[in-house]
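You will see two complexes here that share subunit A, one where it goes with subunit B and one where it goes with subunit C.
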Partner chain A sequence: MRAYTIWIFLALLVLVMSFLSPNFLTSQNFTTVLKNLAPTALLAFGLTLVFLGGGFDLSQGATLILSATLIASINPEGAIFFTLTVLLIFFIAFCIGSFNGYLIGMHRLNSFIVTLGTRSIVGGFVFIHAAGMVVSAAIQSPILEYIGLDRFLGIPVQTIIWVVIAVLCWFVVKYSPYARKIAVVGSSVRVGKFSGLKVEGLQMSTYVFNGLLAGLAGILIGCQTSHIAPALVWHYDFDAITACAVGGISLSGGKGTIIDTLSGVLLLGFINNSMIMIGVPYKWQLILKGLVLLMAIIADMQSKKSYA
Partner chain B sequence: MEFVKVEGLTKRFGGVLALDDVDLSIDRGEVHSIVGENGAGKSTFIKILSGIVKADGGEVYFEGGRITNAHPNRLFEIGISASFQETSLFDNLTVSENIFIGELYHHREFRVNWRTASGRAREMLADFGVGDIDPQEPVAHLSTEMKQIVEILKAVKVNAKLICLDEPTAPLTSRGTGLLFQLLGELKKKGITIIYVSHNLNEVLQISDRITVLRDGRKVDTVERKDAGESVLHDLMIGRSIERARKPRKGRVEYGRPALRVEGLSDGDKVMDISFEAYREEILGLTGLVGAGRSEVAWMIFGLTARRSGEVWVGGRRIEHLTPDAAIRAGIYYLPEDRRVMGLFLNQNLYINTTISKLEKVKKRLVLDFKREKALSEETMSRLGVKYASLNQIALNLSGGNQQKLMFGKCLFAEPEILILDEPTKGIDVGSKEEIYGLIRSLAHEGMAVVLISSEVEEICLLSDRVIVMGNGRTLGTFEGEHINEREITSCYLQTARSK
Partner chain C sequence: MREKTILERIYDFRIPLLIVLLVIAFSIISSDFLSLRTVNTLLLLLPANGVVALGVTMVMIIGELDLSVGGVVALSGLMMVKLLPLGTAVAVVVSLAAGGFIGLVNGVIINKLKVNSLITTIAVGFILSGFSLVFSEGTVFYENKVLTGFGNRSLWIFPYTTLLYFIMTLLIQYVLQRSTFGIKLYAVGGSRISSDYSGINVTRMGIVVFILSGLFAGLGGVLLAARLSTASPLRGSETAIVVITAILLGGTTLGGGYGDVVKSLLGILLLSLLTKGLTQLEVPAYYQSMIIGVILIFLLYVGSRLSRRE
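Right after this comes the complex of A and B.
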């Protein structure tokens, strides 16, 4: 029921906006919206799995920026060099995710605090690497430019990447025994143990998965713009968390589908786009998005009350 | 005027009558013991008296005033206090902070005068012969016994007129028990009335003035200390007429190789050197007082807690790395005592709960086959007679008995050969209870080895082919054939409670 409400909201928003702004209902605008929400979408899909397992991840924004600055500053030319760079970035993202997962899954530490710590550590490394400056490459290598800006069969490459990942994630979350186990552990770690599940490893894996997706999201950003301000950390992870909450992923674990997340991602993408179209100042954008997040949380609490 | 008068006290938990029309009067200054088997309603009685649990019917009068279902704070103020089996101390606070938590000494207006509190605590501790406890010590540093003493002092410290103690000696050694009795003597001298709930007839006979026996929630009788002997109380507790007809038992000779063999299992704390065998087509009962270490044994066998020593063999093979996962693969399944926090994913639906321990059965290649999953779940539900609206409903919305059956379903879905059931009929209504008895019998009949852990001796006697009685983490005795009766089993564990 919740899922439908979000799609209806989305339809209403599109309807209202098409009256308010002549440039809204154009294929060009829609293409831009769908392309721009790529990083948010990837983060939100990763986060869905973490939420499903009853955890939280605040560090993904930092992982994203680290990955973005790395690829932009290395600026690899040629397929081999590019592949190596991407592998390096995935390896780093894997390490960050494993570190989180190890502390949270194996040692049962609080996921908020652990990932808050990693966020700060990884964020610090970004500043070391970028020397406190905006990372910027004078001329982007063709391969980065292709991923960041080009189209394939008329569709932006970035859009294709996130849609493919979305389909994969949807399939895994819906059909894999793995995701089923994650979800029940998110419902109750204790019952999970009594049911013979390896709860520690399962929870840990969600952070690894999330780290890898944050790394990929960072690569997309690094390809798109050669100017990466480390302060952007805050923007993407906030949007991803809001998208999950709006979509109806239970923040207390155990419930949620990729379709839910997708509805939240799309709604948030169009809200962002609409606010820019009608010229809402940035400070008001922040306030509005904050309100959207809070409303989503309140709705989550209400729905829990209704069955408790 | 009677000091405490109880009339027609009745309490229902779900479908179970915990107290059934109990009348009782207690005189000022006496030590009045309440005895009975597990589940006789003893704890419920004093929980109602001290306001923790609300009665469904009947009245309680204290010094002539009606106090039925009054708020615990009010009862506390008029001089009724209680200490329960589970200690309610704050581990990280000091002894004196714990003792005075309910009535802090105020210095001027706002600040608590801890110095006075600590001084008073020191006096009290010395008064009751435990002057070696430092009132400034955090409670966490105390031994279980000393905690129990502090718990009782906490109940004493206000101008208590009536103190209710629920199994106060359960965690105590003989030294602690001695200290406690000394303390009770002091209290009695001060004219304080004591209601003492216990399993341990020997202790009860030592300290009581009068003894009331409860059985199945009803009062059987109240006897004077001088008229009561251990055997008299024993007969009253068990009742002569309730031995139910049982199915004929198999002789031991029929058994082949054990399905489960446990050797020298210890955790270094609650379980000491437990060994037993369980055979196919057999129900092995495991009983003993609460805290005897029964669940702890099961947890170790299922790999939930670490062993200090001992081995677990399944069908002649030793399990090396004991984890729940390995146990399930070896064919063991453990049905936990508390379905709400250990057994079921309450906010997940019925088929998710059913299949979780054996997802391989509903996998097609690498993915879940929902059609098959639902069909198999439905089959399991109907086999167990679970009443439900839809497989998509969450487990929380089932009734207690149906939740219990769902938990059995989850367990049977994993196709175990050895089934360990921990209090399988706890908190369910009488009808479901009978159904579950039938189920357990048929599972054993089909060839499963069933280990039945229960504190209800009646249940143990009704179902088991062999019974092991545990106490203090050890095996106290094994019973077979006609020796499986409530009298012999109860006296076995009561004996050890005495020898403590």
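Right after this comes the complex of A and C.
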């Protein structure tokens, strides 16, 4: 029921906007929206798994910025150098995810506070690396330019990457026993333990997965823009949380599919796009998006009450 | 109850001991550290985060968390500066009331609608950052001798704002330990269900605590704006993490039902001492936020180890 509501909302928004703005219902605008969704979508898919396991991650925005600043400032030319850089970034993202996962999964620490701390530490690294400034490096490497700005068969490469990841995540969450186990642990750690599941390892793996996707999202951003203002990119993780909440991923664990997340991501992407098209000032965009998140979490709680 | 070992006795006094050790370390490294001037500037740094910690401590005693305090600090500071033409008293009172109102909204959503306090206050904080930008998109300056005088003048080495903060801490400590409100607060934090069965209005306690947290965060914003004679929408971005780290450092725990505001004062003092010393050693601010992150995670880790052993 909930999932349909979001798709109906999305259809209504597109309908209304195509009357309000002549530039809205064009293939160019839709291509842009889908392309710009790439980082939010990747973060939201990673977060879906974390939410499914009953956790929370506030550090993915920081991982994203670190990875974006690294790839933009290293600016690797040549296939081998590029592959090595990407591997290095994935390794760092893996370490951040494992660090979170180890403390939260193995030591049962509060996921909000741990990832708030990680966010501060990783964010500190970014500011030290950039000396508190906007990272600005002209992209010279053709590989980065291809990933960031080019098209393949008329579709932006970024869009292809996030759609492929979406299909993979959808398949994993829907059909793999791994995702089933995570959902069990997410809805009740006790039940998970009594059914003989390795609760600690399962929860830890969701953070590793999420860290890797945040690393990938950062690589896409680093390839696309040569200016990375560390302070601005914080909003990507807020968008990802909102997308999950709007899509109907339960913030208390155990419930949610990638299709739900996708509906939230698309709705949020088109809301962002519409606000820019109508000319809503940035400050009011923040307020509106905050209200959307607040309503989504309240709706999540109300739906749970009606279950019980 | 068994006797405490010597190590456990030392552990109970770890915060004052650490404060003394840090003072000694900093005065060895930097020869001009140990002076009345340093004490005065250090004390001047306490109240802005300290009063915010008063409210957040009570929220933590009841077993919840408030991450929107940073947004309240920014908003109330800006509001006060913008309302100054209407009179100093009006500006201060309205800004405090705004903080209380935001706390009320948090409290109602969390306690009436039963939504997770962390995610609610994150969302509310995001909305507040938007409203701060509505008031001003950059730093605003103002001239008001009464306010900046109160924010910066000192009685010998004690700034007025710090004296206010100390008095409020003692007052709240007394309320927590001696009044029925305090007893109920610890009871609800200890066990919601049994408090509910023993006739405590759990929902109302939860809402009151969040109103107080908003009110004190508003006061934090006002004191900060009074000290710096400016306000900015970017202020308060670190408040939540610093305050929570300080409170945990002081010994109040995340689980609820335990802790007090004197502990938080010691935590704030220790953290400010660390920041002040690092600034004096010319360590850049980004390292300081990293160090705070490390301390926060370390405290959580140690806390969980200790509670497991019991």
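Keep this in mind: the second predicted complex is superposed on the first by the 306 of 308 C-alpha atoms of A that agree within 3 Å, B and C clash if a C-alpha of one lies under 4 Å from a C-alpha of the other, contacts with A are read in each partner's own complex, and residues count from 1 in each chain.
Everything that follows uses one rule, which is that a residue touches a chain if its C-beta (ideal position, glycine included) is under 8 Å from a C-beta of that chain, and two chains touch if they have at least 3 such contacts.
Not measured: the values here are computed from a predicted model.
Undergrad: Let me test your reading of the model: by the given contact rule, A:I276 touches which partner, first (subunit B), second (subunit C), both or neither?
TA: In the superposition, A:I276 contacts neither subunit B nor subunit C.
Undergrad: Go through the superposed model and pick first if A:L109 touches only subunit B, second if only subunit C, both, or neither.
TA: A:L109: touches subunit C, not subunit B.
Undergrad: Is A:G124 contacted by the first partner subunit B, the second partner subunit C, both or neither?
TA: Touch partner of A:G124: subunit C, not subunit B.
Undergrad: Which partner does A:V16 contact after superposing on A: first (subunit B), second (subunit C), both, neither?
TA: neither
Undergrad: Could you figure out whether subunit B or subunit C reaches more residues of subunit A?
TA: C
Undergrad: Contacts for A:L25 in the overlay, against subunit B (first) and subunit C (second): which applies, first, second, both or neither?
TA: Touch status of A:L25: no partner.
Undergrad: Kindly classify A:Q285 by the partners it touches after superposition: subunit B alone (first), subunit C alone (second), both, or neither?
TA: It touches subunit C, and subunit B stays clear.
Undergrad: With both complexes superposed on chain A, which partner does A:V167 reach: first (subunit B), second (subunit C), both or neither?
TA: In the superposition, A:V167 touches no partner, neither subunit B nor subunit C.
Undergrad: Shared contact residues on subunit A for subunit B and subunit C?
TA: Correct list for subunit A: none, the interfaces share no residue.
Undergrad: Considering only the defined contacts, which subunit A positions touch subunit C in the complex?
TA: So the residues of subunit A in touch with subunit C come to 56, 103, 107-110, 112-114, 116-121, 123-125, 127-128, 132, 238, 241, 245, 251-252, 282-291, 293-294, 297-298, 300-302, 305.
Undergrad: Quick one: which bits of subunit B touch subunit A in the complex? Just the residue numbers, please.
TA: Against subunit A, subunit B makes touches at 304, 323-325, 327-328, 334, 336, 341-348, 352, 356-357, 359-360, 363, 366-368, 394, 396-397, 410, 414.
Undergrad: In their complex, what parts of subunit A are in touch with subunit B?
TA: Residue list for subunit A touching subunit B: 171, 175-177, 180-181, 183-184, 187-188, 190-198, 254-255, 307-308.
Undergrad: What residues of subunit C sit close enough to touch subunit A in their complex?
TA: Residues 65, 67, 109, 113-116, 118-120, 122-124, 126-127, 129-131, 133-134, 137, 240-241, 244, 254, 284-287, 289-290, 292-294, 296-297, 300-301, 304 of subunit C touch subunit A in their complex.
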